[in-house]
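Each of the next two complexes has subunit A plus one more chain, namely subunit B in the first and subunit C in the second.
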Partner chain A sequence: MGENQKARIATTSLAGCFGCHMSLLDIDERILQLAELVVFDKSPINDIKQFTGRCDVGLIEGGCCNEHNVEVLRDFRKHCDILISIGDCATMGGIPALRNTVPLQECLDEAYRDGPSVHNPSGMIPNDVELPLILDKVYPAHEVVKIDYHLPGCPPSADTLWEALVALLTAKPVELPYELVKYD
Partner chain B sequence: MHDDVESTVQRICQSYDNDGRRLMDIVTDLHREYGCVDPEAMDLIARCVNVPRLRVQSLVSFYSFYAEAPRGRIVIRLSDDVIDRMHGYDRVAAAFCDELGIGMGETTADGLFTLERTACIGMCDQAPAGLVNDVVITHLSSDKARQIVQDLRRHGDPHQLVTSLGDGENGCDLIHSMVRNNLRKAGSVIFSPINRGEAIRKALSISPQEVIRAMKTARLRGRGGAGFPAGMKWEFARGAGDGQKYILCNADEGEPGTFKDRVILTERADRVFAGMTIAGYAIGASEGIMYLRAEYAYLKPHLEDVLRRRRIDGLLGETVLGRNEFAFDIRIQIGAGAYVCGEETALISSCEGKRGDPMTRPPFPAQKGYNGCPTVINNVETLCCVTKIMEEGPATFSDCGSDQSSGTKLLSISGDCKRAGVYEFPFGTTLREVLNECGGLEAQAVQVGGPSGKMVSPADFDRKICFEDLATGGSVMVFGPQRNILDIVHGFMDFFVDESCGYCTPCRVGNVLLKQLVERVRDGSGEPDDLDQMRRIAGTMKATSRCGLGQTSSNPVMSTLTTFETEYTDRVQDGPDGQRRGFDLAESVKAAESIAGRPSVHTGQDD
Partner chain C sequence: MTPGITFTIDGKQVTAAPGQTIIEAADTAGIYIPRLCHKPGLEPFGSCRLCTVTVGGRPCSSCTQPAAEGIVVESDTDELNEHRRALLEMLFVEGNHFCMFCEKSGNCELQALAYKFGITAPSFTYQWQKHDVDASHPQILIDRNRCILCARCVRASQDLDGKSVFGFVGRGPNKRLAVNAEARLSDTNVDVTDEALDVCPVGALLRKHVGYKVPIGKRQFDHTPIGSDVEGEPAPDDCGCGGAENVCQCTQSE
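Right, the complex of A and B next:
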């Protein structure tokens, strides 16, 4: 299959831990098969920073915890035909969303001033203009843009990601056996 | 102080024979004395009745009328449901807050008052209403609210708030309440004149099996909502061995908009207790419990008195009507403000002195219920029908009604109609006739069966009130053209969010999600996807919740998505470029902008 007939795929990690990306790499040698099916556009995997064209599929790891996440996610929505939220952070906010019940100032104080392991004599909270402002709470991806599919898991296993991607790319119904989407 | 608490706890526990199954009563009595059950009291109770402390604590935390932290000597609870809101709940609540100088859920600094909101207290025909300790206050207004606070500050006695008495038995010394029956239409069954003792006499003159057969011939179905055939339920219990069995009367009446059992208990308590006794005879039980919702505690002295008189007259006791082989007595179990306790297995747990957690069925209560024994649970109205069937014979009873629903049905009608109140109609009456009688024909929608029922549009007003068509436990809420349907749905979801016991995730979480989605659509930031999402969540809740609450709590949404679809579709649209309309970046960075002291670099291009 020629490069221009292959599906274009982009990935990003927003308010996530990169665990979902690691899980994607966990497909091991199947990455060669994947390379047969897709070319990677913007992604931390190849370190392409800007979209180079329209993409078929965008994989979103993590929800939105700051304004930059929102910009990136909207950019993905603009460039990708299909967006998939992968992992609990993207689909539900996940661990970062634990702060959602705590007022923002208290979160910052705990992180930079009062936390038991914090050493910060000046008491300064990082506030460089380069730093994106953080949101009042952490939003799952689908609350910010329309998301087409959701894959649960923390992270979804390599097999789950593989089965879902291959089904999508080959236009077949996805078959995810219970073991692949059961998490207790 | 310490000794004082200790001796009080000991005295109260002693009065219930230190029986752990009476934990509800113990905790209720302790609240009467101290307004709360604090950790120290929990320790003491646990020791007295010999149960793990955790059980006491989890009980106290479960019921909304119990508290761990001290509250005011006078607790004012405002009934907050859709009907109360339509009649000015917000203004009344604001007046109470203002006059007391506290917010909702707070206690005044002098420790005199606590102000709370609570779910429907069964007074929708005289809304807005509330409770001051056990005293019901009705037809509230902001002026009245201020007057009530001023009066209470002066005399400190909730009972003195009752200056004008309600009709019928509401005016008797033992009830002494301003509550009105508003009995607009007395039919041939429930509110017909009663000949005390006749039904029991007739029942005892035939065999228990024949009594059960009479219920079957009368085709009596349960009035609490589900419509299960009473005779069949009794037969199961009768056939479940020869040991101890129980009759439970469900007087929890928690479905918002339902208040017919209250009027029965006020005017025809004898008929209910007779029904319990007959059921006891039929299944072979010697003990009955009436589970009375805490909101109706003001009726308890009256009910106790009816029981006392029945004992004197030989209608209850060791030898009912002098029959040595039939002993039967009844106690009243008071609840503590939890709608889910109306669900039969939760009701049993509550009677056993536990949290009102529903249980997985089977086993059904008829096999294994109260104290693990076969138990029949019937609604107040069902038990009234039992008595009537014995009085006049099953044929007379089943002559009235529709094909699959015999007899009459009590409806409690409230909302935008001229004559709110209780009506007894034969089953099979059309909704249009009902609306005609109560003066509610201008309605744009009628909620039949409470929040877990159906929202009916005018196109369906010719449908019939009966189990095979429009089933209802009795709640009929009328909504005029001026009402916003989505506000109503949102109010119903509020109720379910509050009342879910939290055991199953689909119910605990699903209700919150549905409420948020309705809110989003109502407020104009919804998208077409949201409607699919609602349907999916509702499907999961229905299929995977453990009890009837979670299985039906999506009905307000699902029912209106069908009959009032345009209320939703007119309000939703897709966001630009796949962006969610419900997400507002400028709004969500506001807090950070003020903390960081610099504006967002992204929000400019946002709009």
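Right, the complex of A and C next:
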């Protein structure tokens, strides 16, 4: 298949830990088969920073904890035909969302002023124009843009990602066996 | 053989003993009706509504409704399953369920039901309500983030342990699991051997120090969907097996 006929795929890690991307790499030698099926567009895997064209599939790891995450996620929605939330952070907020039951000011105070290991005599909370503003809460991806498929798991196993991608790329329904959809 | 009550569930003929509820008869017949608050050995409670079936077209909770001669029960229908799915999704957005670090993951009935109904992400907005953790007891933990207010522990403590350690306070979204002490679990007469600790369907009530004794991947629902034990081979008459309580009727009557 020529490069032009291959499906284009983009991936990103928002408020995530890159564990889901690690899990994608965990497909081992099947990555050669994946390379037969797809061309990677914007992705930390190839370090392409900007979309170079329309993509068939976008993989979203992580939810949105700051305005930069929201911007990237909206950019993905704009450029991708199908968006897939991968991992618990994208589908429900995950570990970053542990702060969601605590008011934002308390979180900032604990992190930058009052925490037991913090040395910050001026009591300043980072507030540079270069820093994306933090959101009041961490939002799962589908609460920010429309998401077409969700693959939960922390991380979703390599088999889960592989089976779902191959089904999508070969125009088959994404019907995963019981063992492959897990929340842990 | 005592004369039984005969009726149908999803078109299948079922026989119930006098006094049995619909869900008990269904279990005996190998028909799994989803449930969370119901547990054999505990008084029916009828709060989670997952076991709602229609009897002659009218909805009712099968864990509280006695079986009756000739009734036509429907359980596994698209409409009821859609409702069950919505109920489960609501539980996921109301509580703070972090499966990835929950000790109960893989043995959790809420999670297993979500797997069964193919929920990959809830369609409702997360509520992120603040709930308390009570880790005061050296051997037992309450995490109210995970509590679904099924009252299994309330009933088990009262009826099986004879203690009344647990109860509910508040109403509506403020309803919460309370302990029978001024504030903390460690001030109650709860004991690590209490049966109340065995019945929690989620990870809200846990014994400490045994969290990962059975590793993730080898747990009850990791490979087998919830309800498989009910739908499996019926227990032989003389079993006395002490096996899965949903299958083996003889262990329940003790």
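Criterion: the second predicted complex is superposed on the first by the 180 of 184 C-alpha atoms of A that agree within 3 Å, B and C clash if a C-alpha of one lies under 4 Å from a C-alpha of the other, contacts with A are read in each partner's own complex, and residues count from 1 in each chain.
What we mean here is this: contacts are C-beta pairs under 8 Å (C-beta built on N, C-alpha and C of every residue); 3 or more make two chains touch, one makes a residue touch a chain.
The shown structure was predicted, so the numbers you read here are calculated from the model rather than taken from an experiment.
The superposed arrangement places subunit B and subunit C in clashing positions on subunit A.
By the touch criterion defined above, A:Ser122 lies against neither subunit B nor subunit C after alignment on the C-alpha atoms of chain A.
By the touch criterion defined above, A:Gln5 reaches neither subunit B nor subunit C.
In the superposed model, A:Thr170 makes contact with neither subunit B nor subunit C. Once the two complexes are overlaid on the shared chain, A:Asn100 sits against subunit C while remaining clear of subunit B.
Look at A:Gln50: by the touch rule set out above, it reaches neither subunit B nor subunit C.
Within the superposed three-chain model, A:Glu143 lies in touch with subunit B and with subunit C [touch as defined at top]. In the superposition on chain A, A:Thr91 contacts subunit C only, with no contact to subunit B. Among the candidate segments 5-13, 41-49 or 203-211, the part of subunit C whose C-alpha atoms clash with subunit B in the superposed model is 41-49.
Where the contact sets of subunit A with subunit B and with subunit C meet, they give residues 137, 142-143. Against subunit B, in their complex, subunit A makes its touches with residues 67-68, 70-71, 74, 77-78, 83, 103-105, 108, 125, 127, 129, 132-137, 139, 142-146.
Against subunit A, the residues of subunit B that register as touching in their complex are 527, 529, 574-575, 577-580, 582-583, 585, 587-593, 595-598, 600-603. The residues of subunit A lying in touch with subunit C in their complex are 85, 88, 91-95, 97-98, 100-102, 137, 140, 142-143, 147, 149-152, 154, 178-179, 181-184. Residues 92, 96-102, 105-106, 111, 114-115, 118, 120-122, 125-126, 128-131, 145, 216, 222-223, 225 of subunit C are the ones that touch subunit A when the two sit in their complex.
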